[in-house]
Amino acid sequence: MTYLSFIKTEFLVLWRRKQDVFNALLFFIIVVVLFPLGVNPSSDFLAPAADGIIWCATVLAILMAIEGMFKEDYTDGSLEQLVISGLSLSLLMLLKTTAQWLAVLLPLLLMMPLLAEMLYLPDGSFWVLIVTLVIGTPSLFLIGSIGAALTVSLKQGAMLVMLLMLPFYLPVIIFATSAVRAAQLGLPYLGLLAMLLAVFLLSLVIAPFMTAIAIKASTN
Amino acid sequence: MTYLSFIKTEFLVLWRRKQDVFNALLFFIIVVVLFPLGVNPSSDFLAPAADGIIWCATVLAILMAIEGMFKEDYTDGSLEQLVISGLSLSLLMLLKTTAQWLAVLLPLLLMMPLLAEMLYLPDGSFWVLIVTLVIGTPSLFLIGSIGAALTVSLKQGAMLVMLLMLPFYLPVIIFATSAVRAAQLGLPYLGLLAMLLAVFLLSLVIAPFMTAIAIKASTN
Amino acid sequence: MSWTWFHKLGSPKWFFHWSKSLALPLFGFGCICLLFGLVWGVAFAPEDYQQGNSFRIIYIHVPAAILAQSCYLALGLSGLVFLVWQMKIAPIFIKAVAPVGAVMALMALVSGAIWGKPTWGTWWVWDARLTSVLVLFLLYMGIIALQNSLNDVTLANKAVAVISVVGLINLPIIKYSVEWWNTLHQGATFTLTEKPAMPAEMWVPLLISTIGLYCLVAGLALWRMQTEILIREHRSNWVKQEVMKDGL
Amino acid sequence: MQSSAFLTISDLWIERGERDLCKRLSFDVFSGDVLRILGENGAGKSSLLKVISGAISPLEGKVFYGGQEVTNDRHSLQESILYLGHSAGVKKVLTVEENLRWYCPSVSSSELHSALEALGLLSLLDSSVNTLSAGQIRRVALSRLWLSKQKLWLLDEPFSSLDAEGVGILEKRIMQHTASGGAVILTTHQDLLSLHSRDISLSL
Amino acid sequence: MQSSAFLTISDLWIERGERDLCKRLSFDVFSGDVLRILGENGAGKSSLLKVISGAISPLEGKVFYGGQEVTNDRHSLQESILYLGHSAGVKKVLTVEENLRWYCPSVSSSELHSALEALGLLSLLDSSVNTLSAGQIRRVALSRLWLSKQKLWLLDEPFSSLDAEGVGILEKRIMQHTASGGAVILTTHQDLLSLHSRDISLSL
Amino acid sequence: MAFDNLTDFFEMGRHGVYVWSVYGFSTVSLALITWSTLSKRHQIQETLRKRFLRDKTI
């Protein structure tokens, strides 16, 4: 196994399981559709809430997508093979997370114009929303991968993991929606974007190592 | 295997996997907490939206809980054993769904007063909300079990199932939230509750058979 | 009453021969009716006093919406027939008709959305009827995808039948959503009990184009079923004779 | 007792994913029989067992049980069948005892103990199946053979990951079962040591 | 060649879930060795292989490889190890070829074909692993033995669910490997037919 | 005819874009589904015929 063959296979598996990715996206759409229907379909309600709804739906979809990230590798024994492959486990994990991120985020971004239209998102803030998604979601994936790795090892402790992950997700959500709202009000929002970037870099440095440790602990 | 031992074991597995149930509940709480944070924490915004948010969160939590309902049984071969057990598969499925429902709904109801308070749900409508939950969610579980049974065979088709299930969830959500809102406005809401009950009875009659057929078709 | 026709209908071979010479006439008649109705509607029917000429979209919108629902009804019923009587023709019907129904639903959605812009001022509103047609479209897509992703024929037959049957419940929702939920969308034009409120010059072409679309879809469905029967029965002798004889 | 067939397979034709596995396969199973299905990897042994148990349906052919055709309605057959497939049907989150109580709720605890004792699992009674070794999990699945009353056993590679002692125990149990009028259909790639069997070969 | 041990295990003590599996286990592996680990179900054979491969860590004891201690840093060891566990590490959604390309990205397609030919899998090259029989899946996992260059093989019950022909093929391959200076540690409950092995017994 | 001249007919009092795009879209979708139906049918018959002919010659 090499890093290259690993990442190739990751994409291949994602391609074969493209329904799983669609699954996450569909989940996203379901959340977005549920809220107007369940709460209030009028544009007075939806327009100011649109960015929040989109971000919440994104977080939920990512939680869904990430939760089972290592499950199958665990049951079919390939996780074990990764651990003893002699390659750097942290790097493998980083590659895997990146692949997942690309697979989920790109189609999500493609759907954004349509959903923004359906939720009556105010015109000016569309691009800011896209930017927050692009720099905000990698952190969610990186942090989430730690949780997913722990889930695999704890076997029954998925709850704990989500509980542990949520506090780390909150700042991302708050910075992101504040940035969009600042843009809507014409206030400066670059500072908030910088914060998002900082969270991203921090998790980029820490998360792969933590994930590798959790994975190693889980394969015995 | 008898019906009794089956249901006992179901509860036992649920008990062992209690974290999975907590997981669904936690997911519920996450959704409920995310919205005030991501969208708008003021009571002006939350009070009229509270019932809708709670119902949407419930639907999502149930989708989460139900999706993997048969997965493990399928991989460890016990689903096969159920099919050839000579017992009525529809009845077994009904029992299983009931067990799942109890496990998820009871704790959810317990948390309701707290959440209603957090979301500033108007006082008068609390009990109506509870009633809609009690007669609305069984339908969600029953219908969902059909989808879950179909997913099992597809392996990669979880998306499809959600796609297929959503249409059936929408009326339940709409009747339920309309009932709560009617109660808030002092309008008659018994008709809407009767509709919910009708949906429940209909799915009670149809769903177990459909689930059994789907399971049988998928275990070859 | 004799039930032999019912059992015969269940046999793909019988069905193939029975329907062979039916498809083209149906399709042709449908095309002519539809064309007639549409030309009448778009060029000769009087202008609506409220909506002006955008009202002419109705001659596509309503037939498509009706067909989208009828196709689904047929799907659900044949799913039921398959689950109860194991009739072999039923899953063939479902497989053949689902894509046609999806096209109809898409036509209804697109024409409705385009119509919405001049009359309601927006492409999309969260209206129950609109949403439920969207959902109907998704349901069709789901059935098609389910069909395609299962390579095991027996499993695919059952799974698709189950979903079609369960999906029947969506139809009353579309039908009554207009009454249940406050909505921008219009109620029914054609009912069995009352005369339409529109003037006859408006609704007669509508009726004609609806009938036309029905026949057109029926023709398409027969063709598609015949193809599917050929694929499924390709091992049997009669298919061999059929294919060699026609030399198509 | 040995006289008339209680399970008859006639003209079976199994197809999996476009491939014909067996065409026109017919055989009888008598009480007291140990029927061994032989064949290379992928010959269709597991598929055949699944067809008999009713988990998958054949393309053509009939199955008779006790003189009646059960091809479409397997109820009466399934009540007297015990099927153990490649995956053992053991739930990983439960303990050994809980797993057995699931399948055999009515056995007394002394019966349970003696079955587990026979298989050397007694000390693991309360261990979660998660923490068992491959052979121990197989033994847990097999202990149903000691606890149930079904007449016809369908065993798909029951000896895999068992140690020599385990194989001996299982063969003895199979012998007991056939001696008391039961029948066993099994697949295996190993040679049977103490058992005498009738063989059916599937070929690719 | 047969002279100095290239893997040395000294004083190993493995504990799993409160139970001591082996205490003070020491042995050497020489090139050309076939080392068979014997023991009842649950004796700790699989655990031992996992410890050597580095998937789990021992409570005490040391592992030397090529004269260096690698107990804590397994990198150099892992590069020359090929480990096949109970679960085969084969991805079900991929086809046979894709699975092999994952582990051995650099093999030429003629090598790949000859390996698959040896195992009788050539016609299944493009089948998804989902649709294979138990023995065929095992063969897919084993084909890595034909394609990789690692010196030390750790095989956990490699013969399970293989038919007689498959067992023969695998034994021949193991012989080739040891003849060319490799070493094999394996666990099995079956007797080896054509292979000569050195045995180590674990007891409960 | 409800229109005085062809320009009116195509413009439909500012609603021409909407009406004609709906008619265009529908025509295209109906044509596509018809085409795919017929071509699939033709293709299946051809492949089957070829296969039977080949079987006969062998």
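Letters A, B, C, D, E and F mark the chains in the order given here, with residues in each chain numbered from 1 onward.
In this text, a contact is a pair of C-beta atoms (placed from the backbone, for glycine too) under 8 Å apart; a residue touches a chain by one contact, two chains touch by 3 or more.
This is a predicted model, so every value here is computed, not measured.
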Via touching chains, subunit A connects to subunit E in a minimum step count of 1
Co-neighbours of subunit B and subunit E resolve to A, D
Apart from subunit C, the contact-linked chain sets are A, B, D, E | F
By Cα centroid distance, the chain farthest from subunit F is E
Of B-D and A-C, the pair with more C-beta contacts is B-D
If chain centres are mean C-alpha positions, then the most distant from subunit C is chain E
Across the interface between the identical copies subunit A and subunit B, with over half of residue numbers shared counting as same and under half as different, the residues used are same
Chain-centre distance (mean CA atoms) for subunit C and subunit E, in whole Å, is 59
Dist(centroid_CA(subunit A), centroid_CA(subunit F)) in Å evaluates to 42
Averaging C-alpha coordinates per chain, one finds the centres of subunit C and subunit F separated by a number of Å equal to 16
For subunit C, residue numbers touching 2 or more other chains are 131, 149, 152, 154
Expected list for subunit D, residues touching two or more other chains, is 17, 57, 86, 93
Multi-chain contacts in subunit F, i.e. residues touching at least two other chains, fall at none
Given the complex, residues on subunit B that touch subunit A span 16-20, 22-23, 26-27, 30-31, 33-35, 37-40, 45, 48-49, 52-53, 55-56, 59-60, 63-64, 75, 154, 156-160, 162-163, 166, 170, 173-174, 177
Given the complex, residues on subunit A that touch subunit C span 19, 33, 36-37, 41, 117-118
The answer for subunit B against subunit D in the complex is residues 1-2, 4-6, 8-9, 12-13, 16-17, 72, 75-78, 80-81, 83-86, 219-220
Seen from subunit C, its contact residues with subunit F in the complex are 27, 38, 42-47, 52-54, 56-57, 60-61, 64, 99-100, 103, 106-107, 110-111, 114-115, 117-118, 216, 220, 223-224, 226-227, 230-231, 234, 239-240, 243-244, 246-248
In their shared complex, subunit E is touched by residues of subunit D numbered 16-17, 39-42, 46, 86, 120, 131-136, 138-139, 157, 160-167, 189-190
